[in-house]
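Once you scroll down, you'll see the structures, which are given as structure tokens.
Look at the two complexes coming up: chain A is in both, with chain B in one and chain C in the other.
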Partner chain A sequence: MSENSKPLLLDVSGLSISFATKQGVVWAVQNLSLCVQQGETIALVGESGSGKSVAVRSILRLLPKATARIDSGRVLFEGRDLLQADEATMREVRGNKIALAFQDPMAALNPVLTVGEQIAEAIRAHEELPKHEVRERVVELLTLVGIPGAEDRLTWYPHQFSGGMRQRVMIAIAISCNPDVILADEVTTALDVTIQAQILELLKDLASKLSTAMVLISHDLGVVAGMAQRVYVLYAGRVVETATTDDLFDHPSMPYTWGLLRSVPRLEGEALDKLVPIEGVPPDATKSAKGCRFQPRCAYRRDICAEREPDLLLAPDTNEGHLTRCWGRQEVTEGGWLLATDWQSDLGDPGLVKQIRSSAAVGG
Partner chain B sequence: MTQIHEAGHAANAPSGAPDPGQSLLEVSNLSVRFASVRAVDNVGFSVKRGETLGLVGESGSGKSTAGRAILQITPPTAGSVRFDGVEIAGMPEKQMRPYRRRMQMIFQDPRSSLDSKMRVSQIIGEPLEIHHIGTRAERRERVAELLQLVGLNPTVGVRYPHQFSGGQAQRIAIARALALDPDFLVADEPISALDVSIQAQVVNLLLEIKQTMKLSMIFIAHDLAVVRYISDKIAVMYLGKIVELADKTAFYANPLHPYSQALLSAVPVPDPKRERTRSRVVLSGDMPNPDNPPSGCRFHTRCPLRTMKDNPAICAEEEPLLTGESSGHAVACHFAER
Partner chain C sequence: MAKFLARRAFTTCIVVILVSIISFSIVNVLPGDLAAAILGEEGGADSQRYEELRASLGLDQPLYIQYLNWLTDALRGDFGISMRTQEDIGPAIVSRAVPTIQLAIFAMALSILVSVPVGVISAVRQRTMVDTGGTLFAILGVATPGFWLGIMLMLVFAVWLRWLPPSGFVPFWENPVEALRLMIMPGIALASGLTGVLIRQVRASVIEVLGEEYIVAARSKGLTERVVLYKHAFRNAIFPVVTLIGLQVGQTFGGAATVEVVFSIPGLGRLAVDSIFFRDFTMIQAVMMFLALTVLLTSLLADIVYARLDPRVRYA
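Up next is the complex of A and B:
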């Protein structure tokens, strides 16, 4: 997937992660590969349970040791496999080189420390600076993330800030050590729309100003469209499609992506009169199934889909680096029946839609 | 629906003449105060039979409080709520009961609104039991019918809520809300907690039910994208006030209030090329504290139109009234241009 000459920063390949739970083994991530170039923003799109957060946390080895198991794969960063690195190396990487920002800043921030102390702590963890310089840097960071009156607000506690402002504080912590990569896990999901717009502008601005690479995790295709250069669509722990952002939205290549695009409410353009949902229920990660994981909900499926899982392969009719996991879109003996499908007009087999609905009606 | 209902209705709730163009709900000057906070401040609108009003605002706008005050779950501090021609604001609970049957609510988080220790069939049948409707067998039949109505197989009635996904749990909550065959439904962000692919399922289900049951509805949402698919009318709230109220078509074709424009512009568009080229109105700052709202127009501290107009004094001094309702497009702004 080398589209241009920028050096590769983060190279994840063949990553599989499972969890031991009371309900049995959960196959959270299966054979996931992705890479991030310097200064690039990539997005992982998927619904809850798609494995996107687990994958990203595994990069920093932040998964619960008692239950999570990395079954295979490697995470290359600066030539080292982080999955094999010792704890000292990981401490050096976390925050300093790769930073993580979460959805819920209230849970991530310490309620009994002022935000000034918390940002200072993050700086001091990786850099030895005299006290006044740390303070200067904290003020600089708070100003950079758009907190007005930064000098005065150093002494504020997290609860004194609004949700949007807390998210800004967390972003300030994330960028405090000039990381090469920011992992942003649903950072705007809990926010109001106008505040979400502010935070997205801020992230875009920071990414270009500091040339930080970003891995953006979101369930919102709209957010992704405006932020990322490349998108990975995840379903049931697998990448089912990946392409450059323009290519993905112009030529989405498999039924799950089609379904996502059709179910997004739109404000403008030739919006369909009615939303077209993806029928059926989200996949159950405790049940292993053969075949394509999306096939129980796919209105375009054929027999082969339930029998064997398709590989993630080049989509034949699109640009380089556009990969798709779908029998219908692959030129193989039993496949290829969706190569000429117009996803906007052809919604699949109505009989299958009915069938999927009635099997969902008996519960998950 | 089943006969037991028809009978129940006639006996319990006085019902106005079924004139389709008539307003089922008329809200005027509705206010709700919590201590010094004016959560809902002098709000008014009407909902006709079979009509859906999309009530949109961000957190702190008072949209949920307004919904609850209409159903008399949160008592209004002032104002009038006329349901089917009868004033229900401040009505004693006993008298309110027949109206409660006709007005139902569904919530954002279906899992926390369903009793985890009850079977699905009990959850859905409970309102029937409370109101002593039908025999046990009739109620069972009705529950099966309701499950089918919301796209679930009647056989799932024996299970418990935790055995369902979020979208299915929301279907169960909807079935429960429909058990008493209501005329009016307040849906408070019913899809916000659901996965994207499931949201569309629930929106379509509500659309279907609204049509088959001729329901009137208030659909509360925090953004303007989804309400476009389900509403006939849109009301936008900011800090307890309605700032714009219009028919759907007029609203989306020409949003008048600068806050509505900002809300529309904040919705991310799933089209990278549009995202790159469209000019976005990004509001500065946060929603002010509702405890101490700005003087004059409550939006003036963040208003891009006011900035463009060189900060006229009137915005900070005088509260704009919601005008133009007769034209089908009302707005509360000193400078909005039609």
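Up next is the complex of A and C:
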């Protein structure tokens, strides 16, 4: 998987996380592995409930202690396994080395503290600075994220800002200690489209200016396209495909990724192209099934798919580091029937599509 | 803020007027009138004295005139004369209010000092033995009648152990040590119910706030758990508690009556109880007004505190 010689910053391997809920155990993340190189941006893509947020929060060990359990895995950062680290070490890492930016800034900013204070406390948690220097840093940060009149807005409260401005404050907090990695958890989802573009531009800009690595979480492949160097597609808590961004868009290698790409509007190409939805609903995470997790919604499925879960293996005829979890795309006995499929023209078995649609309607 | 205060002051005035009408009406809906009550059974038979007294008390005037007279006198601090003791009602109430206010403040302070830490710890240690203990303590507090608790305390600490004086009252500024010694038992008796209610509220609102995203965000900055709890969680959890305290002031003043009787404290509650037994209408009327005003002013105060604490209200 070594595409170039940049040192590995964050190395997550074999991560499995479950939640104890009233409905039973929810298997949120299963055997997830990913790595981030210095200054690199990677993206985790998947539907809501696919385990993206849970996975990144577990890196900082921010999951609710009462219900969440990390069943297995390692999170190597600076030669240490963060999952085994003590509370003091974690506090040192949080915000300082690895920062988290949240989806909804209105919920993630404390309503009764000024934004100046909320940024300042992040700095003070890791650096002992005289008061006026902290203040200068805060003003600097607010200016850096594009908030005009930063000096006067230190004493403002979150509710006095617009949504886009609040997200800028959130980002200012994330970069306040110049972290090595920013975990950006759906940071644009709560914003309208024009503001989304501004915030993405800002993040991209800051990441390159500060040479910060970034883990971008999104359910929107369009958001990911211009930002990340590598993409991990998640389905039901598992990585189902990973590749460099260009490779993934040029040679998507399994039916779920195809489905995602078909449901993203494209500017190039024929205007008459219809968006094709992925039929069915995500699986119930409290139930474990033996086959491929996507198989119930897959219009290309065969018998083997329901019997055994495929491994995440190198996809044939693709670049190095392009892995996929699909029997149809792997050269194994009983598998490989999708190797020659053109995903843009072949939408799978129409009979299966119908069947999936009607069973989802009954189930829902 | 000025606008907010003006609005609150306005509604407070309206409620005061309503309360004054109600408390004035009490005297007039009861059979017999003030003059008959003052003259007693024998004097009431003398119709000339009765008419004279009615005229001098202004009772021969129409009701609304009587009400306005009473109101203008009341606004000047003149509530008339007690039928029972013949003393001026204004000064009488002020002197009897001192012990009650002192006791109520002591009880509320005690209540807050106990319930906030117990509630916060219960919330943080949710579903542990500590939490169960806190809940048990809270329910016991709510379920135990104040007067019974007072008598039990008196039995144990004054009669058996002889650690505390059994009853009496000393103003705090005259002898702080003795005043505290005298207030411990009635204070606990009066605080128990409030403490139980507050523990439950503090616990519930801390648990709710701890589930908020900004708590995760605070942790993600690398703040210590203590800072997260007190700076981020507690400041948000306190709002419903402030409102509840404001609402409970009236309850506490009401509860003071029985506790005052048990501990022989010459307070407003006892004054009210005595006045009711003696049909001392003018006094009851004034006590009602005073209590209503106290409740209104404290809830206004609670709102102001709330607004000071919550920037979203302050700027609204």
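Assume the second predicted complex is superposed on the first by the 357 of 364 C-alpha atoms of A that agree within 3 Å, B and C clash if a C-alpha of one lies under 4 Å from a C-alpha of the other, contacts with A are read in each partner's own complex, and residues count from 1 in each chain.
Just so we're on the same page, a residue touches a chain if its C-beta (ideal position, glycine included) is under 8 Å from a C-beta of that chain, and two chains touch if they have at least 3 such contacts.
For clarity, every value in this text was computed on a predicted model and none was experimentally measured.
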Fit or clash - chain C, chain B, common chain A: fit
Chain A residues touched - chain C or chain B, whichever exceeds: B
Which of chain B and chain C A:259 touches, first, second, both or neither: first
Which of chain B and chain C A:160 touches, first, second, both or neither: second
Contacts of A:100 with chain B and chain C, given as first, second, both or neither: second
Which superposed partner A:346 touches (first chain B, second chain C, both, neither): neither
Which of chain B and chain C A:358 touches, first, second, both or neither: first
Contacts of A:151 with chain B and chain C, given as first, second, both or neither: neither
Contacts of A:136 with chain B and chain C, given as first, second, both or neither: neither
Distance of closest approach, chain C and chain B, by C-alpha atoms in Å: 15
Contact footprint of chain B on chain A as seen in their complex: 47-48, 148, 162-165, 192-198, 200-201, 219-226, 245-246, 249, 259-269, 271, 274-279, 281-282, 357-358, 360-364
Chain A-touching residues of chain B, taken from the complex the two chains share: 58-59, 151-153, 155-156, 159, 163-165, 167-168, 195-201, 203-204, 207, 222-226, 228-229, 252, 262-276, 280, 282-287
Touching residues on chain A, where the partner in the complex is chain C: 57, 60, 62, 66, 87, 91-96, 99-100, 102, 104, 107-113, 121-122, 125-126, 157, 159-160, 173
Of chain C, residues touching chain A in the complex: 126-127, 212-214, 216-225, 227, 231-232, 235-236, 309-312, 315
